[in-house]
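In what follows, chain A forms one complex with chain B and a second complex with chain C.
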Partner chain A sequence: MVMEIVCPAGTPAALRAAVKAGAHTVYCGFADETNARNFPGLNFDRAEMREGIAFAHAQGSKVLIAINTFPRAGDEAIWHRAVSDAASSGADAVILADPGLLDYAARNHPELRRHLSVQAAAANADMINFYAETFGVKRVVLPRVLSVPEIAAINAETEVETEVFVFGGLCVMAEGRCSLSSYATGRSPNMNGVCSPASHVEYHDDDGVLDARLGGYTIHRVGKEDAAPYPTLCKGCFSAGDATGHLFEDPVSLNAEQLIPQLQKAGVTALKIEGRQRSRSYVAQVVRNFRAAVDALEAGQPMPEGMLARLSEGQAMTTGAYKKTWR
Partner chain B sequence: MTQSSMPIPKVPPLVARALRVMPLAPLSMSLTAYSKRVATHHPSLFRRLGEHDHACFVLDPTDLPFVIELEPNGGVPRIKVVRGQGVGDARIAGPIAALLGLVHGAFDGDALFFSRDLLIEGDTSAALALRNAVDDAELDLSEEITQLTGPMAKPLQRAFGFLERRTGVYLSRPEEAEAW
Partner chain C sequence: MELTVGPNQFFWSAERWASFYDALASAPVDRVVLGELVCSKRLPFYQARIPDAVATLLEAGKQVSLTSLALVTLKRERKQAAELSDMGVEVEINDLTALTYLPENAPFSVGPLVNVYNEGTLSWLASRGAKRVCLPPELPLGSVSVLAKAGADLGVAIEVWGHGRVPLAISGRCYHARMHGRAKDNCQFACEDDADGLDVRTLEDQPFLTMNGVQTLSDTYACAVHQIDSLKEAGVTALRLSPQSNGFVEICQMYRDLLEGEKTADVIARDIQEMDENIRLSDGFLTGDRGVDWSGHSLVR
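Up next is the complex of A and B:
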């Protein structure tokens, strides 16, 4: 069975690019705070979502809708409406994180397949099985804190399909529990769908030296010849005493392409690419690359060498927690 | 669609120097008329700009001796080409090849930002909205021009193709990958 490639799409054009490039499945979100990539100019209105799903289905691809932020008290109706609209749009599944919203979806749209978002941070079999038994979750997106043996251990103890990130931006925290952005901006990916909201980001270029500020705080400064990172606190470069460095993590992208055979042996069903905030050019290139990799695996051929460094944050890549060399 | 590992091409300094004497008022008028035509073909671009559809963007091709002030103006765009820094809410700067590659969906904006080929200053939110709206619009600026030229369309298309191959600059939307 070919491993499923799950690709991001921030716009209808990116969805079409992903499908044409060979995506088995595309994930996207509505243009509001119900999804964790709520950036200006991104995402789908209801009509665009219906058209995108119809296009994908006509090409044999599936569409998942991420409704993976946590409903605000008193405003749950916004999230409920998103689940109902996903069902009426013909989505193949919704990706949810909040237990209350999972319960709403299970009760009101039992026929709509439910995936557990990485934002739920379900990192062991007991927790995953609880979500499956209670809310009928069929697939879990595993947090990016697990090694390959740990993923294999989870798959040995659950019938729930597992989906893992193989490319794109990394979070240092257990997803869904990071409030770093809130400290500097008052807004967070968990509640507002934005990590480092663009409205709070400023760049200043002084003769090639680039300062990035978040909520008025300078979080990193890169020289003329240095690659620039995203303006997130977790990738910030700070000075303390005589030392200056990346306090939380280096600005690098995850690339687990060469680990795909091991992930398959560990029982993983689907491979997820991060980047709904990225362009259709990124989507097409990354999808083609990973589709070639899973097809090579299926044909018993070696993994092709990718050419994705230029697309990576900091223009550097890591296998992240999958190979925990620091343990 | 590819993001080549090759450096972004830049306008030769001799050509840039020659452009310093170009009259900018006729260029501004032509570009405004052209952008209005593009706007009628791509109304979703302005919807996607949302609250930023009346912002003023300074597009700064760093290898050319002028900047472009673009006001989407709610779907009736205005363009003014000026010398110097220009005035606007957000400035998007990079070689003209990078800016055209972005418009045509050949390049990824974040990747250009990581590699320092693209700089954003001012209202980051407005700049991001413009980038995402343009990426979704699937623009082809050469095609918009050739559609105006009647019997000259084919020779002009060939001329754009020749220029693209010679310069490495995306003057049109690249062919999309064949369906898998």
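Up next is the complex of A and C:
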């Protein structure tokens, strides 16, 4: 079976572009703190979501709704309403991370398909099977800490479908278990759906040296002529002991396109592209390339080579944890 | 309010590990959670000492729990997690994986690295047998209050991160090994020289984070002395103190003095900072704008 391409859509326009470009599936979120890309000007209101789903279904594509932050104590109703609205909008599945919310969805909307978000960081087969038995989870988005052999081993031990990230931003920490951003800025992926938020970024120009700061902490320093990477906390330049450099991760993004055949052999069902914050033209281009790759693979033809390098916006690319040397 | 000592997060020699728990037997704390939280490769070095430490602490009248790893991926780690309950000591799960191996309806504790952000998750864990939950350190006081109330209704004791460097992230990659140009599988235990983790500073030499193998912590030591009254009022039943290499028994005594009204919060905060001039404190996750914020008076910076 051809591998499923799962594409991001931050706006109705991006959803339509992704569907037209050949996305089998599009994932998106409501315009509030219930999803992990809660950025200004992004995401869908209820009417837009219904229309987007109708458009995708008419073209034979599916829509998944990410409700993958951790509901705030005392305000769970906001997240419960998101799940109910996803069900009534005709979404093909919801992507959830919080056990309490999974429990709510399984009890109140048993017919609504449930995917386990990468934010749940389910990194082994026992955990994945537990989510399947307890909450009826049908698919898991695997954390970006696993190598291809580890993914194959997981698939050998579970009936749950696996979806893996193949392109875009790369978390080096176990997802859903990182408070670096809220330590420095007070805003976190788990609680607010944001990481290293732009509202807390400052650029400071000091005599030809450009400092990029997050929450007052210098994360990068480059010459004025050089490209200044966005100050994502875990990809900053720091010093410890005698070492100075990108101690956690270089400012790289993930590109596992050349590993698609191995991922298929490892039993992976779906390939996920990160980037709900990206433009519709970016999304369309990435989708076309990945769709071409899986179609070529299905037809027994060689993978098209190096197709996406120019989309990385000058950033270096990595295959992340999929190749084990990364560890 | 009770005092719980969380599991040591750092890599200590078996000698240092054993003498730490020997000394802790005489500290004024109610509960001790021990075992390996961060890296499964560390455990074999002191595993044989665990039964003696457990026996000593039980004899001293402490409640004792055994922690799971924070991130379980390898076969060996799954096996370790599955064998946790064999010691006959209550298990504290710090990865939901550990829950999958517990005998049905066995009482257990939930550590701060499991995401318990709301009443729904708390209630689900209670239905599985959770008797005690230490909340994630990033939760603000407002959420703590809601959960403490829900915990009281469910019969789950609610604990809050009270003292020590705050665990901020866990990864599949070892940063100590990476810094030394080694892969995780051939780390040569690069983390063993840093008994409280390795300071990570910004390019402006500002202290920021702490590297501890696959774990990243805050540079600051959380210190909830100024929130004690609010936490008590909210119904929080215990404060968690996280081990550090120096003066830990004294620190336990300070928090006990605070709880008993023997000393004020300001005095305790000053005493902690005077013990070690390099210690910076924070309480921002509970009441500040950012986790790193500190509501009290600073002796350093």
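Following the convention adopted for this analysis, the second predicted complex is superposed on the first by the 305 of 327 C-alpha atoms of A that agree within 3 Å, B and C clash if a C-alpha of one lies under 4 Å from a C-alpha of the other, contacts with A are read in each partner's own complex, and residues count from 1 in each chain.
Note that in this section a residue touches a chain if its C-beta (ideal position, glycine included) is under 8 Å from a C-beta of that chain, and two chains touch if they have at least 3 such contacts.
Nothing here was measured: the structure is a model prediction, and the numbers come from that model.
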Partner chain in contact with A:168 - chain B first, chain C second, else both or neither: neither
Touched partner set for A:189, first chain B, second chain C, both or neither: neither
First, second, both or neither for A:240, with chain B first and chain C second: second
First, second, both or neither for A:42, with chain B first and chain C second: first
Contacts of A:14 with chain B and chain C, given as first, second, both or neither: first
Partner, of chain C and chain B, that touches more residues belonging to chain A: C
Contacts of A:29 with chain B and chain C, given as first, second, both or neither: neither
Partner chain in contact with A:124 - chain B first, chain C second, else both or neither: second
Which superposed partner A:52 touches (first chain B, second chain C, both, neither): neither
Complex interface listing, chain A residues touching chain C: 70-74, 76, 97-101, 103-104, 121-124, 126-127, 129-130, 143, 145-146, 150, 172-174, 176-180, 182-186, 188, 190-191, 211, 215, 217-219, 221, 234, 236-241, 243-244, 247-249, 321, 324-327
Footprint of chain B on chain A - complex, ascending: 10-14, 17, 19-22, 39-42, 59, 197-199, 201-205, 210, 222, 224, 226-230, 277-282, 284-285, 288, 291, 307, 309-315
Chain C residues touching chain A - in the complex, by the definition given at the top: 70-73, 77-78, 95-97, 99-101, 113, 115, 117-125, 136-139, 142-143, 146-147, 150, 166, 168-175, 178-179, 183-185, 198-206, 208-209, 211, 216, 218, 284-285, 288-292
Complex interface listing, chain B residues touching chain A: 1-3, 5, 48-50, 52, 102, 105-111, 113-116, 119-121, 124-133, 135-138, 176-180
